[in-house]
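To keep things simple, chains are lettered A, B, C, D, E and F as they appear, and every chain counts its residues starting from 1.
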Amino acid sequence: MHTLLLAGAAAGLDPLAWTIVVVGISIVFLSLLVVYFFFRYILTYILNFKLKSFARKKGIDPAEAQTARTIQSGEVNAAIAMALYQYFNELHDVESGVITIKRVSRNYSPWSSKLYNMNNL
Amino acid sequence: MHTLLLAGAAAGLDPLAWTIVVVGISIVFLSLLVVYFFFRYILTYILNFKLKSFARKKGIDPAEAQTARTIQSGEVNAAIAMALYQYFNELHDVESGVITIKRVSRNYSPWSSKLYNMNNL
Amino acid sequence: MHTLLLAGAAAGLDPLAWTIVVVGISIVFLSLLVVYFFFRYILTYILNFKLKSFARKKGIDPAEAQTARTIQSGEVNAAIAMALYQYFNELHDVESGVITIKRVSRNYSPWSSKLYNMNNL
Amino acid sequence: MAKRKTWTILALLVITSLAWLAFVKPEHDRQKAQTETGIEASAALPQYQPDNQTEEGFLAGLRQFWAFTGFRNVTSGHLIMILVGLIFIYLAIRYEYEPLLLVPIGTGILIGNIPIFSDGGMNLQVGIYQQGSVLNYLYFGVLKGVYPPLIFLGIGAMTDFSSLISNPRLLLLGAAAQVGIFITFIGALLLGFAPPEAGAIGIIGGADGPTAIFISSRLANGMNLLADGTPVKNLIGPIAIAAYSYMALVPVIQPPIMRLLTNRKERLIRMKPPRAVTKTEKILFPIFGLLLTCFISPSALPLLGMLFFGNILKESGVTKRLAETARTSLIDIVNIMIGLTVGASTQADVFLTKESILIFALGAAAFAIATTAGVLFAKTMNIFLPEGDKINPLIGNSGVSAVPDSARVSEVEGLKADKTNHLLMHAMGPNVAGVIGSAIAAGIMLSYLG
Amino acid sequence: MAKRKTWTILALLVITSLAWLAFVKPEHDRQKAQTETGIEASAALPQYQPDNQTEEGFLAGLRQFWAFTGFRNVTSGHLIMILVGLIFIYLAIRYEYEPLLLVPIGTGILIGNIPIFSDGGMNLQVGIYQQGSVLNYLYFGVLKGVYPPLIFLGIGAMTDFSSLISNPRLLLLGAAAQVGIFITFIGALLLGFAPPEAGAIGIIGGADGPTAIFISSRLANGMNLLADGTPVKNLIGPIAIAAYSYMALVPVIQPPIMRLLTNRKERLIRMKPPRAVTKTEKILFPIFGLLLTCFISPSALPLLGMLFFGNILKESGVTKRLAETARTSLIDIVNIMIGLTVGASTQADVFLTKESILIFALGAAAFAIATTAGVLFAKTMNIFLPEGDKINPLIGNSGVSAVPDSARVSEVEGLKADKTNHLLMHAMGPNVAGVIGSAIAAGIMLSYLG
Amino acid sequence: MAKRKTWTILALLVITSLAWLAFVKPEHDRQKAQTETGIEASAALPQYQPDNQTEEGFLAGLRQFWAFTGFRNVTSGHLIMILVGLIFIYLAIRYEYEPLLLVPIGTGILIGNIPIFSDGGMNLQVGIYQQGSVLNYLYFGVLKGVYPPLIFLGIGAMTDFSSLISNPRLLLLGAAAQVGIFITFIGALLLGFAPPEAGAIGIIGGADGPTAIFISSRLANGMNLLADGTPVKNLIGPIAIAAYSYMALVPVIQPPIMRLLTNRKERLIRMKPPRAVTKTEKILFPIFGLLLTCFISPSALPLLGMLFFGNILKESGVTKRLAETARTSLIDIVNIMIGLTVGASTQADVFLTKESILIFALGAAAFAIATTAGVLFAKTMNIFLPEGDKINPLIGNSGVSAVPDSARVSEVEGLKADKTNHLLMHAMGPNVAGVIGSAIAAGIMLSYLG
């Protein structure tokens, strides 16, 4: 239907072809920028807020509570090392095309416990 | 086609709606009762018969041969314990929705042996 | 369409029915003979040629280089033994219908190495 | 803790409902008005007009692009449904309520409620109801009732009928709980639903997602005609969502009813340990179960045939690899597809209707009635059973199926009364019997109303 | 022991046949008579009449329900077929005869022979031949020949062609056994089958279930027209059932023929151990096998193309996960579907015909001829082969394919003559060659009769 | 070594092209001429004539069979394509270039170029474009764009977005590389392609096979009509083959461009290690990623919706078995089907055209431009970034997607400059962002040209 707009394009180059290019590139950048801002600022803000209110409840000075932004962990470096190791040693993960950062240490999490859920009904 | 029978149902309540309810409930009970009787009496009877003829062949007093009804085994209790253990410890079986009574001890069975079958052709 | 040719076949037996039989049997044999000759002579010739040129490069007397035809290995006998063992012991492979000669020893092969490929870009 | 959870859920439901009344209703009415006054009315809105070629270049292109974005086409209905989707995902992850179903359905709701440009009936081949879209192809399996039997195949291949075989009288508890189906059927008729629609709605009381989807795809699919020539409504979406919602909420809905209907003495009843079951019996059960139940209710064949077929694959012992595939890859693939498409079928404009509200209300009633019937029937059976061989009525609720959640509820409630009295294995009997029972009931509905 | 098994099976076959003659034939004739005299004749039977509204309430409802039950609609044909289904399941479990096929087919026969109400052509969307039913959708893959190539893909991904590569002359044994196909073709023509039907029936001698289904779905599907305008018969069901039955009975059918045709000296022949096969050869075999065979018989492309494609996935060494999926989940899913639907397609009223009996007789002959041809050809080859490089004719039977059962028969028979002479690895060569050979023969049939 | 490989490949490409010019072009012209002069012209060739019944018996039968063989129907086009297929398989096995795609596609090319008898439009139901053939049924998933979203589901279930979450600005590199798409679009228009065709060709620059197939199945499928009533060309085959070829050649194409555009100092930049990512963030990323991107570009819903759906299944932690199936069996099955049918769709007579050559040229340009844009944008970002927080421009190339090959190229090039500077984890960010970016770009193309 709206290919009508480009009817003459095959011959010279309809200005709308350029429109698609300009709008297209802009929108791709815009979309990923929106995602960037959302995760860089809005989500971090929300998660920090939760962390702080949690700290407050526990009687910890919120200022001392680590913000989500700055959490740095040895775990991740371990994970990278692991990933590289696997990558160059061709373990199954790489062969099968799974690209993962493996958490080397698995901690207990209440989320993963059905028992927790069941006993407290 | 036979929704005709219920044509007026939307307004008041056609007596046939009640028929569906009464017949429906009866049939559901009847079906499961039939299955119940089949497995409780007929099948047990057949299996007992086989057990007894087997006992007779072996020269055992049929009266002493355990009937299918009364076989009780520690295995099953072990299985239940196992199931509960797994259930509360979230082994893979439970996570994946498989609901099983696992026989804890696996005995040799001629059925599972292809060799048996092949060598006696 | 060409079932026309056999139109009368249901009654007596059209000569074309016999044609199908004769041509059919011939073609089945011919096809498998072609595959036979290809793998028995042509492919072996090519592979031998490669082996010899490889030997020549390495400074080995081509006459001494084993031809593909005559490579005999203990590995294969091991494999057969293994296959029979599995077959009569019903390991998973047989149950699942996989019919394989397993190479008992797995050697390093440059083909299986992604690293090899990556480091030499 | 349990209380807090209940309150959280109730609060979420109330918020959703209020939001609906506040935003969706008027929006919906507005849309309806527009539709009635025709395409001219909507022309007043700022929108993409392909014929308007006066503007040039970048700005016109941007305007055209804007016309296609979700921001331009969103309605409050979309937002409500996205909120519902997020709640589903939250419940699934936070409380592990039927996560294998609620995560796909919840995500499906998000996907189905991304607002799509469809002015003038334009088909971008994106939405689930737009012909040629991928979702539309995948939805075929729901619409034609192909997915549910495949799920039953997988369920059959993972179900152990041992507890039923060792104690076949528990079958009757599975029958009793189906009373909920038929009473809900009457309720739906009284609320003005056409008979086939009412039949499909009733099946929500069977607490079996695949059965509910199968029956509604046969009876309330928007294509069948009633006696007076009007088509039945397409209620597959609301019925499926209601069924899965309440199945997920079984741990919230059932316990109060169970406690209300039983006294402490009953809750302490210890049941005899189940007897050992031979391999032969386990092979014969699905074979004769298939023949007996399907001879009585052949319309249930697509469901029960597949259920018992799967079980034969499992129990025969010679087709392990088929059973394994049926209960892993196959059922997983179908689960992903059915969850996604049922979720996506809740597109705001077809889902947010008076009917959906009524179906949710009826569904809640159906679950409550079914649970009640199961528990009361267990108590009734106890009257006739000898001392020492009585049934703990806390397993009565398991007759509704909702495998294996309702059996877990029996276990948990039993442990509350007596920390050493495990009811799980006993509850498994009525639990799987409930699956059979509701499939039979579904067959009956089909043979009368199909 | 072996004898007892043989007798058991023969007894079962005899009982079935007698029962058929006693019950089905007359029943069938009666039905036919009814059909010819028209719908009035059947009106004399007690049956559900929707127009009869004189009776009221519960009793009428019960009567209506009764009309839909299997008990009301059962015929002796249904019972015979259910018995056949049970025998299939029994043979599969008790003797492990091709259980991956006989269990699904057997259960499919049960499911396909649950009697369904279909008075006046009413379509309850339950039976496999009723449009809109789940079974009908799944049957599509049989009817359109989609399942067999997918099975060949999986077989390719699990087959090791090493023994063929190391000893390619064994390919000829796979060719010899296909003589059975063409002789059966003549036999079927003489018995009055139309040429395309005869071609499809002949393929039973190929001892390859998927090939037989594929060819019958192309040649004898009930839709093609003959030169005189009459449609061919739909023989997919009987042909598939015959092929799988005899494939399951290979350990019963082949040994007597093999012993009859060989003397003790021949049975003691030791074959040279196969040479080592290089990875390159294993990669090149499927690639050039595909090109060579399909250039000769392009009509075999759907089968051979997929077979060699699967083998390339396996041998390339870089697509392990694809090969793994092809030979597990994918082939299992297709196996379940093809077994179930082929079984269900044996609905008594379309299956219990004179044609089916003839097809079973021809099938038995085809297997016997194919086995004979394979063994005799091996003996013929020995005339030309030098001492010390002869072929043990006990592997000739393996040329019929029926992978891997006929190779197992070779092994077992070989061990009977000499406890240390393992023929399994050698028999694998003609075994897989037989698969290729019958696919080529199928292609030839298609190009002449398609 | 690296050089030798590059030369090998270039030599192969040159040989192919020359062969094409030498053989295919004339053959093609000859065929075209025949088509134009009508069926009479071809009657002059020696061929099967069903009406000619003068010859009898074996010789006639053999002649008929010969008419059906590939040897009778082969053209130089078939041989060229078979050579191309063999090269694909060789590259996949020898250099492990995207073997999971090139092996199925290469084999598909062999299968699609077995010459089939089709004189007078006869349909043997073998070829991929012949209605009723198995390949034609499987091709449906390509033609209707069903396979690509399923592949995205699996990719979502195996992708870890951690590096994007920990360093979201890398998203912009994924955006920058999409410039290649739009510039190629202009190039295709200038070379005379119709707008929808040009849009589909542009997506090759996105370096995403499934996206390219999806878009060409929507825009350049041979069925849509242009404004002037002429249908668009069916370019699915060439576009898919071009996209996968260049994706496989990413390790050959990108490094020279990367070295050209960066100086030694830039190549030595060390990036800050990524921060830890919480489980909550990993769950929220796909949910909000889905909502945000699809609100902006709803036409990308089939791709992005499925991608993020798969990721939710993976990250929710409660649907592990669904994620596992999505990233193993499901994606493998679809991979086999899409590779086979895309390969087979390159049947010589429809594939060997001027358009295909142009598409390959445009595709090469698209990849080069996309790589350039990614690297240059990284350098531009560095102008604004503080010291110590700069981006190593060697990860800019990863923005084209081609997961995970282009990230591997970043790693390898980074190691060449500094043996201890691992860029892999950083490159993963733009790598997955590139997938999202090109899906959005595809959505934009669809909303303007669909």
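Just so it is clear, a contact is a pair of C-beta atoms (placed from the backbone, for glycine too) under 8 Å apart; a residue touches a chain by one contact, two chains touch by 3 or more.
All of these numbers come straight from a predicted model, not from anything done at the bench.
When the interfaces C-E and B-E are ranked by C-beta pairs in contact, the top one is C-E. Put simply, the chain farthest from chain D by mean CA position is C.
Centres computed as Cα averages put chain E at a distance of 40 Å from chain F.
Centre-to-centre separation between chain A and chain C, using Cα means, comes to 49 Å.
Centre-to-centre spacing of chain A and chain E amounts to 53 Å, using the average Cα coordinate of each chain. Distance between chain centres (mean CA atoms), chain C to chain F: 32 Å. Chain contacts: chain E has residues 61, 64-65, 93, 96, 100, 296-297, 317, 321, 328-329, 444, 448 touching two or more partner chains. Residue positions of chain A touching 2 or more other chains, listed in rising order: 2, 4-5, 18, 20, 23, 27, 96, 111, 114. Residue ranges on chain C touching chain F, taken from their complex, read 1-2, 4-5, 15-16, 18-20, 22-23, 27, 111, 114, 117-121.
Contact residues of chain C toward chain E in the complex are 2-7, 9-10, 13, 17-18, 20-21, 23-25, 27-36, 38-40, 43, 47, 68-73, 75-77, 80, 83-84, 87, 96-101, 109, 111-112. Residues 61, 64-65, 68-71, 73-74, 82, 86, 89, 92-93, 96, 99-100, 103-104, 107-108, 110-111, 114-117, 124-126, 132-135, 137-138, 328-329, 332-333, 335-336, 340 of chain E are the ones touching chain D in the complex. The residues of chain E lying in touch with chain F in their complex are 144-146, 149, 153, 218, 283, 287, 290-291, 294-299, 301-302, 305, 308-309, 312-313, 316-319, 321-322, 324-326, 328-330, 444, 446-448, 450. For chain E in complex with chain B, the residues that touch the partner chain are 1-2, 5, 50, 53, 56-58, 60-62, 64-65, 93-96, 122, 251, 255, 408-409, 412.
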